[in-house]
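Below is one structure. I have some questions about it.
Per-chain numbering from 1; labels A, B and C assigned in written order.
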Amino acid sequence: MSYLLVVGVTIAIYAVLTVALNMVVGYVGQPNLAQSAFLGLGAYFAAVLSTRYHLGFWWTIPVAFGVAGIAGFALGAISLRLREDFLAITTIGLNFVMVAVFQYLPFFGGAVGIYSIPVPSIGEHHFGNLDYLILAAAMLALVVGVSKYLERSWLGASLFAIRDDESAAASVGIPVASYKVVAFTLSAAFAGMVGSLYAPFLSAVTPTSFGFTESVVILSMLIFGGLGTVRGALLGALVLGALPEAFRFISNFRLLTYGVILLLMLRFQPQGLAGEASAVSRLVGRLASPLRKSRDHGPA
Amino acid sequence: MFLSSLIDGIATGSLYALIALGPSLIYGLLRVLDIANAAGLTLGAYVGLKVWRATGSLALGIVAGIAASAVFGLGLQRLLYRPILNRGPLIPLIASIGTFIAMEEAFRLVFGPYPFAFPAKLGLPTLRFGHTVITGVHLVILIVGLLVLGLTWFALRRTRLGLYWRATSQDMATAEAMGINTRGVVAAIFVIGYALAAVSGILLGINYNTVYPTMGDIPAYKMLAIIVLGGLGNPLGTIAAAMLIGLVETFVVMYAGYVLPRDAIAFIVLIVILLARPQGLLGRSRKAA
Amino acid sequence: MALLEVERLTVRFGGLVALDAIDLAVEKGQFVSVIGPNGAGKTTLFNAIAGAIRPSEGLVRFDGREVQGSPSARMSHLGVRRSFQVARPFASMTVRENIRVAAAGKALLQSLRCLGLRSRDRGIAERVDELLETFGLARLAERKAGELNMGELRRLEIARALSSRPSLLLLDEPAAGIGADGIGPLAQLIRGVHRSGLTVMLVEHYVGFALSLSDRVVVLDEGRKIAEGGPEEVRRDERVIAAYLGKEGSRSTGTNPLGGGA
């Protein structure tokens, strides 16, 4: 039971990261291979503040959200100057720079990282795995809700327009630069927010747990599930997150499995399992369309 | 001290140039950032080491390493890159990263997680001039590096393949229309690119006397920084950027100590330079027509 | 007062002078065409006015305000909207969404309003329905713009440009890529848009098409303005005929290359 809870928390954390990443990669079509750097920033700030400065757990959540958001804002601002390949490489580089910062700044505890992060509590009750799961699910609900709302807002439609054609978007009055920065900021902030949960959940943070490989894993989940939709992001995190747990032999070569799945996906099903133009969503669309038609024509 | 560091920096730079040249040539042709090239590097090192151990001949090891890496590169190009090239620059990049990460895990499964020593003797003595010391390995790296780079320059400028490479990298469709066998050019460049990776892998292995599954990590990402700095797809710029990074790293470590890990320096230099010159150090800005 | 005034507008790419000290003025309600052979600088002129490129020298005055060098999003909010020579739809979005997002106008600049739900804005929804109807796109409203054919894309682009009720519409070769039988209806649509009171500037390669619609015609050749006047005047202008003959005489069959009607 407890083991299942741990798996559940892990998957929920990955789901938050994937849904958040979708705001940049899926909605605006900007490459971002640095999602774990933002997770790391959130986790590290939460760890440092709760161990060294005895800040209460609940306060570390907004701090992690804010700090990662500021970093995302900076990346967004940088992204404005760079085209696709260059931006992709810059985000790859960001992972290495971030890991270096964690390793070398004394503030972040150096190469050994930070240990014995206090367990969060509500009153006298200390967090157990079930509490972690509930909180992770709440964070997931929040980021899914924000994504869904975004999709239906003017801002969201503008982000899609930017993804499809930046010059055309600018020509109809969409402030391309500021909207891109907003997407980067939001995406990073949510990744940082879940970091504040990740740190006490692991009870320790080390620099290398937030490296490039983790960023690739998160992006793989998104591509596997399908870019551009919340359901794709959720499905990707669920399937790829549960796979190593469901098949124990896989956990021994998790990255090989992810790599191969990613390659097969890119090669044969680039829309992902449930992305915008994927086989699944076309199927759903076809099944739903007779319903929609009958509803449209019904009252007439 | 200064001179030692200078030579150290140039040797490091030559090694980086060897590593980055293949991906740079490949980027020039296909506009793919070939991170998986670093898997060719690790593969070359493992195969070279194993064959050297089995036969006692380093030359045989190098040939076998080159062959294995070249076959891998060619297969990758045929089976993975070719079908997904038309999907923008990001999909092939991500596919390449996926290949690289999967290959690293495969190396771990096949060869085990522990590092192997690679104590091959390269047959060159350590030179001393007063305080300046050049180790035999560094000497070999310098010689091989300068030789390969010179050959590449010659090949690009003076040979038919070089001409074809330049024509194809300008515009593949036009090159094809002019009767150039672009498929052949792409295949040849992948063979060369992965052969260079294998040679760098073996040199790296001997230099640090260690071969391990993730030895391609640092070269993979550093080569990215280098080919971007060199102005994507510009081989001579790549060589210049490799030298620059090699020297900057060596001197930063020498004068400022380990303020930051050596391997983050390349990316910090990269990010700073990209912000000042978004088209890369030697890249030409794309003009509106 | 002229709605749009361009003074000594110059655009250089490296050493190449694409536009050389162009002067022109467009009165409110006018229909002005810019014609000229390939490479004359027509699209560059549009790009410089619409903010897609920054002019090297010169002034652009819109509604009395100096706006040269303003980015295209700002030009759009000031009331200058454009279509593109090669259609640029938001391919993954539906036809309706293409027009709707373009109709939001200044709401996109206000942090609270851009967070509003699209479906809540009744006024915009009505405007979008009206445009879908006018441009014959109602039937296609829920289709992805990426699936449309060339003629449909042209209509979508114009509808999208009109969605925010601009005061100046720039049309960049709307007839390009449309078959001969599509040109008549397109001309009708554009004429209708102009008659509704909008000021229109049109860049066109098909001279007859442009002359049949315009009040006034500006002729560019190699980045310079070589003639300006009413359609009949321009049709007879020796310099214009020479410019066209020089460039495309071999392809033209009649003695007067400007003779073809729409």
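Points to keep in mind about this one:
One rule holds for everything that comes next: a contact is a pair of C-beta atoms (placed from the backbone, for glycine too) under 8 Å apart; a residue touches a chain by one contact, two chains touch by 3 or more.
No experiment lies behind these values; they were computed from the predicted model shown.
For chain B, the chain whose average C-alpha position is most distant is C. Remark: the per-chain Cα centre closest to the mean position of all protein Cα atoms belongs to A.
Inter-chain centre distance (chain B to chain C, centres taken as mean C-alpha positions): 49 Å.
Once the centre of each chain is set as its mean CA position, chain A and chain B turn out to be 32 Å apart.
Work out the mean CA point of chain A and of chain C, and you get 41 Å between them.
Shared interface positions of chain A, defined as residues touching 2 or more other chains, are absent.
On chain B, the positions that touch chain A within their shared complex are 31, 33, 80, 83-84, 87-91, 93-95, 97-106, 108-109, 221, 224-225, 228, 232, 258-261, 263-264, 266-268, 270-271, 274-275, 278, 280.
Against chain A, in their complex, chain C makes its touches with residues 50-52, 71-73, 76-77, 81-82, 84, 88-93, 97-98, 100-102, 104-109, 113-119, 160-161, 163-164. Contact residues on chain A toward chain B in their complex (touch as defined above): 31, 33, 78, 81-86, 88-90, 92-94, 96-97, 99-100, 103-104, 212-213, 216, 219-220, 223, 253-256, 258-260, 262-263, 266-267, 270. Across the interface of their complex, chain C is touched by residues 149, 152-155, 157-158, 160-161, 163-165, 167-176, 228, 276-277 of chain A.
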